[in-house]
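Chain naming follows the written order as A, B and C, and within any one chain the residues start at number 1.
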Amino acid sequence: MGVTLTILSVIVLIPLSAVAIKSAGLGFDGFLAAAFSERALRAYQLSFGASLVAAVVNGLFGALTAWALVRYEFPGKAVINAVVDLPFALPTAVAGIALASLYAPTGWVGAKLAMVGIKAAYNPVGVVIALTFIGLPFVVRTLEPVLRDLAADVEEAAASLGAGRLSIIGRVILPALAPAWLTGFAMAFARGVGEYGSVIFIAGNMPFKSEIAPLLIIIQLEQYQYGAAATIAVVMLGVSFLMLLVINAIQAWARRFV
Amino acid sequence: MTAPVTRNARRATEDPLWIRVLVLGVVLVFLAAVLILPLGAVFAEALRKGAGAALAAVSTPDALAAVKLTLLTAAIAVPFNALFGLCASWAVAKHDFPGKALLITLIDLPFSVSPVVAGLIYVLVFGAQGWFGETLLDHDVKIIFAVPGIVLATVFVTFPFVARELIPLMQEQGSDEEQAAVSMGAGGLTTFWRVTTPNIRWGLLYGVLLCNARAMGEFGAVSVVSGHIRGLTNTMPLHVEILYNEYDFVGAFAVAALLCLLAIVTLVLKSILEIVQPQVHAANHVRPGAPH
Amino acid sequence: MTISIRSVDKRFGRYPALNSVSLDIRDGELLALLGPSGSGKTTLLRVIAGLEFPDRGQVLFEDEDVTYLNAAARRVGFVFQQYALFKHMTVAKNVAFGLDVRKRRERPSRPEIAARVDELLGLVELGGLGRRFPSQLSGGQRQRVALARALAVSPRVLLLDEPFGALDATVRKSLRRELRRIHDATGVTTIFVTHDQEEALELADRVAILNAGRIEQVGTPDEVHDRPASPFVCGFVGEANRFEGRVEGARFASGPVVLAAEGVRDGAATAFVRPHQLALAEPGRGFEVTVDRLTVQGPVGVIEGRTADGQRIEASFARKDLGGVEVRSTLRLAADHAHVFPDA
């Protein structure tokens, strides 16, 4: 017990408080100036916007993936099931260079996309691609157990009451999945906001255009702007904390029905 | 009146064929584009100039130093977090105390903190400008831009993995078995080793596996504290970045391929664990409609 | 509505769940499918509902062949063992579901649906609970919601799978009467599955007894109890002492136990005697029993004992007839009736 608390404090809590104290050192006006400079605002916009889009993409395709893994039998299912966890196991930097080489205009997929006029790397689209990679397992793995536990008799009850397959999916299955789906979505979003390694290789990193918030922290740090770096970190920590609250609230809400 | 008889009637829980084909098709294309092709791309790029060039790239002194540092970091961070995970889950699951929910949230905190912020906090505490910066300088101890900083940052980002696997496992078991053992005269340590550990070993292994994958692959946090000194403070992921930024693509992807192999081994072990772990079996419970 | 099941076969993998089952269900009757677990009773119910499709044979609703019609098109009401309520919907929404999902042309108006929901909640005595969620109800209440939901679509037949299986004993008893009342009020043809013979005999107009995927007997509760068609039915419905022995010249003998066996062919046979069919006998008649245990259950006294050759035997009497009987004493018992089946 004591050991747990001590380690927790030394490794996590005390260092975390350092960012708050450091940014407070700037004073109120200094804090505002650093936290909401034009460049920082654009970086948040990109980080949050791209994370949101990626989370939506994952919400859709992740749900389909979870559905296929739970409900269908197909050859290679075990492999697909393992591959879904790749983003958990693959170092983010490796993912970053792999995605960049694949989706760059010279890359295998990027070249084909370029032919139809889509530029998929070195711009916000690239950021979305990287964040989609990172966030996918969060949606799949939160939905899967809920989908598996969704008793078949509930679907059968709906069918015996005259509901067609689409009605059953829309009125019975999706509402039952909603809390888990929102949780997975929020987790994918939260992870995307803080992601660094997989993004920087494919983002292009142009200030005001394709520069994510975590990168801005590093840039400030390299220029010895410790206060500004800490301030942006405080804003991001605030958002992480908010996301934690949101996820907990979703789960508390879901428990109402169980 | 007789309804038309069709033999291929579909059960209520089955999707029509066209939905099944469509969903599976979309899923496979999506997973290929996002997960499988990038993995393939790493190996393709690494072998672009032949296996010899790739092997040469991973056996340069700098690459070998990076491998060594990565292994060292994992060798410190993983056991540390495994021990902490055991302590923390024991404390949380077997005892009741005020603020327990808060403690669980705090343990999970590093998951929701950006890795860059994780690195930053250690720079602020131990860096030259930081709280202990001068003290450390006086005693000629280097933490930031040195190995200890890398280890610290890695410990931070991999902090919750083991604890989060073990807490639900231990909570589910409750303390009945331990109490039974104690009532039969077993001491605290005996109880822990003979009763608790066998119950949680698969969960522990699972947590350690994920913890190790992240420890060896961490980039953002380590990047902030490392200082990128070749041969000294470069881990494998950082080495990948440097080579990539120097347009040494074969080199970058060759080292990346090593990390990919690590990821594949992790996934294979994870799949095996999921087959062995009884909890995962229990989740696949029989659906009604089967004969009973 | 009448239902005809004609020579239905159903296998799960290599396991035969239904083996050439034929059954006619009469309009408006309350029929119980009774059998041990694994006897195929739930599978048969699911085949009638369209949740399972037979490998061979036919299912007819009146004259309509519905064998391969899916559940959604059959208009059956199905009450699941675990109720299968929609957790994210209120009670009222659950009950209204079958009407809400209808195509626009066939769907009643909102006020009509609301009125129907109120009427049904009244019928199952849950008036005023429409806005609750299933998680806020007791087991018995959930059961009633499931029943109301199934009835909302005015089903042609109401099917219930172990409807009282998940409830405790007192709730079970009162819900049994409730189901009978609702059946009589709506007049809908009703089939329920149970493994509890007491439940089947008390509630049903007729009972179909299944064993190993076959129907052993169909009849009124009296018929299956008093005139069992097979050794299985005799052993499964009601209590019975079982004896293995031989029939010779219309007499069954198993050690000292001798029973009348009119019309049974000579050879190896199995005999069943219900505890209440045994009576104290004059010296020289019946067979001798040593009393091991004596228990009293209300007005009835039950003797557990052994015959001279060690066969266990149970007999029940009115308590007043048990005067003077003690543990370890011996007494003579004779059967006024027995069911004797020649071994196949």
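Simple rule for what comes next: contacts are C-beta pairs under 8 Å (C-beta built on N, C-alpha and C of every residue); 3 or more make two chains touch, one makes a residue touch a chain.
The structure displayed is predicted, hence computed values, not measured ones.
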A student comparing B-C to A-C should find more C-beta pairs in contact for A-C
With chain centres set to the mean of the C-alpha atoms, which chain is at the far end from chain A?
C
Inter-centroid spacing, chain B versus chain A (mean Cα positions, whole Å):
16
Using mean CA coordinates as chain centres, what's the chain A-chain C distance in Å?
55
What are the residue numbers in chain B that touch two or more other chains?
12, 288-289
For chain C, residues contacting two or more additional chains:
50-51, 70-72, 80-81
Where chain A touches two or more other chains simultaneously, the residues are 151, 153, 156, 158-160
Which bits of chain A are touching chain C when the two form their complex?
151, 153-154, 156-164, 167, 171-172, 175-176, 178, 256-258
Could you pull out which chain B residues touch chain C in their complex?
1-3, 5-12, 288-292
Which residues, counting only chain C, touch chain A once they are in their complex?
49-51, 70-78, 80-82, 84-89, 97-98, 100-102, 133-135, 146, 149-150, 152-153
Residue numbers on chain B that touch chain A, as the complex places them:
12-13, 15-16, 19-20, 23-24, 26-28, 30-31, 33-39, 41-42, 45, 84, 87-88, 91, 95, 97, 103, 105-110, 112-117, 120-125, 127, 129-131, 152, 155-156, 159, 210, 213-214, 216-220, 223-224, 236-238, 240-241, 244, 249, 252-253, 256, 259-260, 262-264, 266-268, 270-271, 283-284, 287-289
For the complex, which residues does chain C have touching chain B?
12, 15, 17, 37-38, 40, 42-43, 46, 50-53, 63-72, 80-81
